[in-house]
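In the two complexes that follow, chain A is the common piece, with chain B as its partner first and chain C second.
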Partner chain A sequence: MKKLINDPNNVVEEMMKGMAAAHHDVLKHVPDTAVLTRVERTAGKVGIVSGGGSGHEPSHAGFVGKGMLDAAVCGPVFTSPGPDQVLEGIKAADSGAGVLLVIKNYSGDVMNFEMAMELAEMETITVDKVIVNDDVAVEDSTYTTGRRGIAGTVFVHKIAGAKAETGAPLAEVKASAEKAIRNVRSMGMALSACTIPAAGKPGFEMAENEMEIGMGIHGEPGIERTLLKTADEVAEELISKILQDGVHKSGDEVAVMINGLGSTPLMELYILNGKVSDILEEKGITVYKTFVGEYMTAIEMAGCSVSLLKLDDELKELLDAPAHTTAFRM
Partner chain B sequence: MGLTTKHIQLWLQKTNEKIQENKTYLTELDQAIGDGDHGINMARGFEEAIKKTAESDYESPSDLLKDWAMTLISKVGGASGPLFGTAILKMSMSVKGKAEINYAELTTAFEEALAGILQRGHAAENQKTLVDVWSPIVRFLQENTAFDSAAFTNQAKEAMEQTKDMQAEKGRAAYLKERSIGHIDPGSASSFYLLQSLSEVIEKEGVTV
Partner chain C sequence: MKKLINDPNNVVEEMMKGMAAAHHDVLKHVPDTAVLTRVERTAGKVGIVSGGGSGHEPSHAGFVGKGMLDAAVCGPVFTSPGPDQVLEGIKAADSGAGVLLVIKNYSGDVMNFEMAMELAEMETITVDKVIVNDDVAVEDSTYTTGRRGIAGTVFVHKIAGAKAETGAPLAEVKASAEKAIRNVRSMGMALSACTIPAAGKPGFEMAENEMEIGMGIHGEPGIERTLLKTADEVAEELISKILQDGVHKSGDEVAVMINGLGSTPLMELYILNGKVSDILEEKGITVYKTFVGEYMTAIEMAGCSVSLLKLDDELKELLDAPAHTTAFRM
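Here is the complex of A and B:
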């Protein structure tokens, strides 16, 4: 393992310290917790809280700030924070109008965030939740764990955060977030593995000439392991699988997110996007806005994900609303 | 004499020893079919539980189990924190007010623990989760009237090993579908260490349950 760290068991704490020091105008660390919260609070606004395992930076603390999240809970690397820490995030975000939790659909995250909701209700804080499951690489099923939440979650942060900023009540903020979840689909691919610092070695092996289509942001298996393909071929596969889900059709307007997983240069992400934009044009889908960069990474994994968010007038307005966070500005 | 506070403390210590010894093994099991951190998370949580429970003198098994549970819930994280934490917490609630735990009470405590796991995890049997160890062990306790250490450990071990041939339907291993077959479920392996430790404490300390 070759990493610029001090102690593999202390990476999250040290990262939070560095983040708070760098962006003290936007966010601050709540002492003795795993929570980063907004410096400037909007009183009487629904609080938006997200979080989960660390290792996905800038997710989620990079989206703390005006117009997006009020608090992010930073769990251990790839591991959901416990309910006590999520409760701290809820408390930091609560200003009397209730709190909405944006949870990515993983067993651990859902269990811990739900336990935190129960604890918050005992402290008479009104809390509701939405669960993001945008990854079309996984079959959707209520019987199993179902689809994973990946980079499309960042669009949900943006939409929920913008809606909350309008002063809308919790139920309306939740409804907008759920609309975003219904309208967003994503799929990823990986070129290389990643190493959890405390594990010291990569979570899986991937040969130099291999890639995996549909791989999750913790290295969970995807749809198929294949020989390395070109960026154009990868763009075709990802978009075709997303469109097969039937949410995005000819005549629709979409926001596109081309997300790097940690070790993929912007050059490659832009090459991919060139093809993505061609394909969408051919399919009669209008691209309203495109976001290219690192939004939800998998430590140092190489690879990308593509997310499409179908827009209507409400979602366009909320997407365009101001956001002042360290990793997303409008 | 039934299970006392001292025995619960020994149970926690013994389990912690096994988790620490097998930290790499548990993580490797999780690397095969999950996200590769189960051993790390369990080792961290149990180490904290040892530290936390060393701070107090507990008056009852219930009080000690409660601190053990709360530490797991807050320090293990992931899915294992709520699941193992809920199991131990339900045991704590089940034996509240008792200085000693007899066989019938132990059985009830395990029934409550399993109910808590099922409620929290929304899983059923044969989905390759720790339910596949806890359900058979509860049935085993129900079918017997006195604690047989060797048989208890064997039952837990057999149940754990049977998860190897199952296809995962819950948790991260579910994404692997048929590729999850052929690997022991990491949560079931940790459950086995927990149960084996209880069995060893009961045998070594001459506990009559």
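Here is the complex of A and C:
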């Protein structure tokens, strides 16, 4: 295992320390917790909390800041944080107007975030939740009942965060987040596995001439293990499967996210985007904005995902609203 | 070779297409050239041009936009663009107030950018240059006489670009860029090699238990091939060598850049930053701002570099000035 780390069992704590040191103008570590929260609070605003297992950086703490999240809960690598830590995140995010949890659809996350909701309600904090399940690759997977939540979650952070910043009440913030969830679909592929530091070896094997279409962000199985395909072929497959889901049609306007999983160079993501952009134009789908980079990674996995978010006037305004986080600035 | 590409000989052209498609609000491709330039021009402003071989994305086109570069010249992977293409970049950036070239110190880049200066002067465009040589690892290297230019170059883009945006004349923009160059030092290390697409195999071999301290961004030799060290040990070595150069002393204020070379996860860069931050505090050096992410990569090399920029009031103001590029926003 080649990693630039100290103790494999201490990577999340050390990451939180280094992140808070780097960005002390934007976020801070809540002592003795797995929570990174905003430095500058907006009083009376609905708090937005997300999180999950670590290893998906910049998700989720990279999106803590004005216009997006109020707190991120950093679980162990690829492992859901416990309800007590999610509760700490809720407390850090609460300023009296209630808190919305943005949960990726993995059984452990859903269970622990829901338990934290109950704990918070006992402390008289109003909490609601949305569950993101944007990955069209497979129904039910290694850690998931239903569809998995992947990079489309970042669009949900942006939309919910921007809505909360307007001073809207919890029910309206939730409604906007749910609209984003209804409108976003994603699909990924991988060229290589990744290694959980404490495991010390890759989670699975992939031959030098293979790739996997539809793979999840923890290495969960996709829909096709295949010989290497070109970027154009991969773009065709991912977009084709996303459009089959029926949410995005000719005449629609969309935001596109071309997300790197960890070790895929920006050059390759842009090559993929060239084809994605052509395909969407052919299909009569207008691209309003495109985001290319690492938003939801799988440690150092090589591969990518493509997400499409269908936009209306409300979502465009929320997408364009200011965001001042360490990994997303508008 | 596992890459998400189409034709290995066409990666730069396809990248430029995908990049212009993604960010048409910020940059555009100058047809039939290797140049990406700003959409929104500021008339009468000194133009800033950088570039070099591709494979270092987001350098350099990711820094095209308000507050940084006016044009980036995208050479073949790890190969300097020809003088004719640099001339196209100069023309795209010129709005009558002259153009400053920010050149990384590699022999091919220096030669071709200087030839382009002569060609531009024949077309009566005033052009000047600065050469960045921030890498303290080695004197003279595979492609370089003197010290190499690496990630510290991004600070020079920011400082020169911000100064140009104030309307300052060419000589003053050059003076600020040269101050940044005098004040910035960097050093890197690598855990793995990278593969130029057209070559199809890694540029060198490194054993599973080895790393190299001081390696260049094209895989040029460093100062020590060693068994794997911890992140803390790497931080100590890099900072120690940078400080030995004598530019950064107790009482100074600095900007820090923790730069990933391509496949090193953000988690690891933050772990490194935790130690860098501690060391600088011990040394009495105050960190004004920290940048963590991929700024100057080596395709999919695993590894990082650390850069320190000594600040004064002028450099702080220029560093904090607005920048609206695809890879750097303030």
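Just so we're on the same page, the second predicted complex is superposed on the first by the 325 of 330 C-alpha atoms of A that agree within 3 Å, B and C clash if a C-alpha of one lies under 4 Å from a C-alpha of the other, contacts with A are read in each partner's own complex, and residues count from 1 in each chain.
Quick note on the criterion: a contact is a pair of C-beta atoms (placed from the backbone, for glycine too) under 8 Å apart; a residue touches a chain by one contact, two chains touch by 3 or more.
Model, not experiment: these values are computed from the prediction.
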item	value
Contacts of A:Val247 with chain B and chain C, given as first, second, both or neither	neither
Touching partner for A:Ile125 - first (chain B), second (chain C), both, neither	neither
Partner chain in contact with A:Met111 - chain B first, chain C second, else both or neither	first
Which of chain B and chain C A:Ala97 touches, first, second, both or neither	neither
Partner touching more residues of chain A, whether chain B or chain C	C
Partner chain(s) touched by A:Pro83 [first = chain B, second = chain C, both, neither]	first
Touched partner set for A:Ile196, first chain B, second chain C, both or neither	first
Touched partner set for A:Val11, first chain B, second chain C, both or neither	second
First (chain B), second (chain C), both or neither touched by A:Lys3	second
Residues of chain A at both interfaces, chain B in one complex, chain C in the other	none
Residues of chain B that touch chain A when the two form their complex	27, 31, 35-37, 40-41, 44, 73-83, 120-121, 169-172, 174-176, 179
Residues of chain C touching chain A in the complex	2-6, 11-12, 14-19, 21-23, 25, 54-55, 57-58, 62, 191-192, 208, 211, 228, 230-232, 234, 256, 258, 262-275, 277, 287, 289-294, 297, 299-300, 302-304, 326, 329
Chain A to chain B touching residues, read off their complex	9, 53, 75-85, 106-108, 111-112, 115, 138, 143-145, 148, 196, 198-199, 203-204, 216, 218-221
